[in-house]
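As written, the chain order gives the labels A, B, C, D, E and F, with residue 1 at the start of each chain.
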Amino acid sequence: MNDSFSHLDDQGRARMVDVTDKDTTARTAHARARVRMAPRTLAMILDQEHPKGDVLAVARLAGIQAAKKTWDLIPLCHPLMLSGVEVQLEPDGDDALRVDARCKLKGRTGVEMEALTAASVAALTVYDMCKAVDRAMEIEHIHLVEKTGGRSGEFRREAP
Amino acid sequence: MNDSFSHLDDQGRARMVDVTDKDTTARTAHARARVRMAPRTLAMILDQEHPKGDVLAVARLAGIQAAKKTWDLIPLCHPLMLSGVEVQLEPDGDDALRVDARCKLKGRTGVEMEALTAASVAALTVYDMCKAVDRAMEIEHIHLVEKTGGRSGEFRREAP
Amino acid sequence: MNDSFSHLDDQGRARMVDVTDKDTTARTAHARARVRMAPRTLAMILDQEHPKGDVLAVARLAGIQAAKKTWDLIPLCHPLMLSGVEVQLEPDGDDALRVDARCKLKGRTGVEMEALTAASVAALTVYDMCKAVDRAMEIEHIHLVEKTGGRSGEFRREAP
Amino acid sequence: MNDSFSHLDDQGRARMVDVTDKDTTARTAHARARVRMAPRTLAMILDQEHPKGDVLAVARLAGIQAAKKTWDLIPLCHPLMLSGVEVQLEPDGDDALRVDARCKLKGRTGVEMEALTAASVAALTVYDMCKAVDRAMEIEHIHLVEKTGGRSGEFRREAP
Amino acid sequence: MNDSFSHLDDQGRARMVDVTDKDTTARTAHARARVRMAPRTLAMILDQEHPKGDVLAVARLAGIQAAKKTWDLIPLCHPLMLSGVEVQLEPDGDDALRVDARCKLKGRTGVEMEALTAASVAALTVYDMCKAVDRAMEIEHIHLVEKTGGRSGEFRREAP
Amino acid sequence: MNDSFSHLDDQGRARMVDVTDKDTTARTAHARARVRMAPRTLAMILDQEHPKGDVLAVARLAGIQAAKKTWDLIPLCHPLMLSGVEVQLEPDGDDALRVDARCKLKGRTGVEMEALTAASVAALTVYDMCKAVDRAMEIEHIHLVEKTGGRSGEFRREAP
């Protein structure tokens, strides 16, 4: 762990960190979020999923597309060329959806922010799709589960 | 509260809801998120804030700009013309930052998603700025605090 | 019908036409496209649609989102705030999908380009989803079916 | 040709295919579209082209810029860094313009979608520029003419 | 003239100013820039303009499109719906091009930033098109010529 | 120096130049702009900068983000993956701010346009933040200071 914020220069001014000389390596990141909702809301989502309802499909798409726009959303992120993105939404108990986003890259910077952004936007999209039914939903526990590759090496979050 | 998801037609297919005939009224929304971190990380943010460090300024900006892009991030949101956005970040205890985002509009649709998106992206930006120091940070409790205006009227979240 | 191209000034130079003084009225447009493919490809799309396959859901979403970006794609289009978008994909015989896009607005300009862009991008997305299986697909007959509202009044394409 | 849609996982859920381990090779694609219009409309375009009219210049530009945005328009396309784009518009008989778009890349994925998107958006832009004069124009036969590079090798469409 | 920066709150923190209660009025702005270059470069631009060269057409388009993106480029600008944009480029002596950008809107905020952004990006595009020939070009005197509408009323820059 | 505009083909038509076969090398560019203003305006900026005012922080951010969007703003620029961006704003006498933007890349094309765009947009953002106080500000002398890397080699502007 560093002793200073790498996105700030020695006078505290924001910059896009120079990674020109970093190695191009394979990198992955896995982030997770949880959308807590009324059990009835979850039942409605799962129920309409049976025939061909679009709630989870829309959220998956929104997450994948947001991963590709991370460089535009998070001001100091580097532009990069993701080589793979997966977003999954699964029921977590009877009152929550769990969102898992996984990103891959061969490049000079990690893809944690891409995975976190994908999970967050997929969760926000679930909120949007269901808000007419349940305005008190809450998005919880957005966190990095694991990352591999790069100089800082592997990170795996300890079980809470 | 509705009995069905307004973003889906009667066959479960996604659409951008027709609001052509809704009234143009003043609408506001206030959303909140929390970034939990190690006390030492928070101390570093607050400390570097003294001279002219940019962490909180960058996060505020990222939140404001994300609010303007909500229509592009959340697939079924309507494009709209926000008339005001404020994002504030304050310490919340010794191990968290609280993010408050407030959006305003005179228009045909609510601005909850804009406020939630602003709060989420400001929180993600804090994560990005500090991740070299504290990779285990977590974004918590993204929720709508209050909304006013529109047919569904006022919403105020009850204290948990 | 005009005698000159409204997007060009009297010296042939491109401009974004001044609509400041046009009336704000309700406007609609309906555009259509067709994706012709091998019968086997269509069968695969329809077949995987049964459980919860995403081909048509992804194409619908792509069309809706593209409608919102028309001002950015078509250089002289005005920015506008769509108040409703629907994209439908249906089998058309045994070797084609028909794409129907409908857009609505209360504003100063028509929404033909938005509907045509939605239909085109939904069709391109079908191509993308299926190209590993059938690279010879073709997008046909992108045209305006109908428009209402605005000074030029109603347009309805005659049956071919 | 594959037996399944590569953009869907084995449960039919959309994903951005993992190309991390694909080779970086030179790739090209050539796509074509046709804008059919009244002979008088084509005559107006060609006529105003003589001095310095902008119709074809605007369409060329729109096509080139759209190629660069394909990753944002087509939900499961990978972001990539095009190394060359050309868009040409030529009269095709007395009632049509032919649009040819060619894209190049050194990368891990093909550029068919970029070429198809460039041709489509250039054609839509012609429609936009001329719609005040001829609303019944139609965009036809958007198809891939040829591609080279990549694992699936060369593709060349047979003459119809 | 104000005594404080309206984009900052009383603690110096950035915000998007609340214009919810401002009147919707017609507003215009006219901005100008100058691209100074070697006389030979200007001669090449004007010379290739004769048949159907695209330098000035590309710059015009780039300026018009940039005006539409001002809300995304300038962090605290409001999103707005321009109702007209014109960009003109004319020789200014034998060693410069003058860029004039004019924007119009019926809305709650002025369009100065849109006109200034259009003029700047058109000028940058001239630089891009000609840089292989003349890398020492310089963009000068980007300024607001005139604005009308809104509470602050008319502004007209005095002759220098 | 070339004898022709590389962005135009031999008939004067715009294209995105083919760089597929260029070498991937390290490239840098440094561009500069100046915002001239009333001495009182500069004093206000510097004064509010002491505690934690956001004017310069917002301008820095806007410049960095604009560098990442250059491919979208300047029509014939190639998409590329910047590996580092820095934007600095310093007082220049008592009536101006000097903006310095530096960009880095390992790639096939130069980054002059990225540095020039960053400097221009940072300067425009200063204008936006201060326009309520001083509408007669002017952006001056946007130019390339230096570039390194690439076939055309090093460029360093001579002192004026």
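Please note the rule applied: a residue touches a chain if its C-beta (ideal position, glycine included) is under 8 Å from a C-beta of that chain, and two chains touch if they have at least 3 such contacts.
Since the model is a prediction, treat every value here as computed from it, not as a measurement.
Asks: If you take the chains that touch chain B and keep only those that also touch chain F, what is left?
Replies: Where chain B and chain F share a partner, that partner set is A, E.
Asks: What is the graph distance from chain A to chain C, where chains are linked when they touch?
Replies: So the least number of steps between the two chains is 1.
Asks: Among B-C, A-C or A-D, find the interface that matches B-F: by residue number, over half of the contact pairs should be common to both.
Replies: Checking each pair in B-C, A-C or A-D, only one repeats B-F, namely A-C.
Asks: With respect to inter-chain C-beta contacts, which pair, B-E or A-B, contains the greater number?
Replies: A-B
Asks: Measuring between Cα centroids, which chain is at the maximum distance from chain A?
Replies: Max centre-to-centre separation from chain A belongs to E.
Asks: Between chain B and chain C, two touching copies, which fits better, same or different residues at the interface, with half of the numbers shared as the threshold?
Replies: Chain B and chain C contact each other through largely non-matching residue numbers.
Asks: If you average the Cα atoms of chain D and of chain F to get two centres, how far apart are those centres in Å?
Replies: Chain centres of chain D and chain F, defined by C-alpha means, are spaced 31 Å apart.
Asks: If you average the Cα atoms of chain C and of chain D to get two centres, how far apart are those centres in Å?
Replies: 16
Asks: Can you work out the whole-Å distance between the CA centroids of chain C and chain F?
Replies: 37
Asks: Show the residues in chain E shared as contacts by 2 or more other chains, in ascending order.
Replies: 13-14, 52, 54, 57-58, 60-61, 65, 69, 72, 75-76, 80-81
Asks: Determine which chains touch and list them pairwise.
Replies: Listed in label order, the chain pairs in contact are A-B, A-C, A-D, A-F, B-C, B-E, B-F, C-D, C-E, D-E, D-F, E-F.
Asks: Enumerate the contact residues on chain F facing chain A in the complex.
Replies: 26, 57, 60-61, 64-65, 67-69, 80-88, 104-106
Asks: Within the complex, which stretch of chain E touches chain D?
Replies: Of all residues in chain E, those touching chain D are 49-50, 52, 54, 56-58, 60-61.
Asks: Which residues of chain B touch chain C in their complex?
Replies: Against chain C, the touching part of chain B is residues 9, 13-20, 22, 71-72, 75-76, 78-81, 107-108.
Asks: If we count contacts the way the header does, which residues on chain F are in touch with chain E in the complex?
Replies: Going through chain F, the ones touching chain E are 1-8, 11-14, 44, 48, 51-55, 57-58, 61-62, 65-66, 69, 72-77, 112-113, 116-117, 120-121, 123-125, 127-144, 147, 152, 155, 157.
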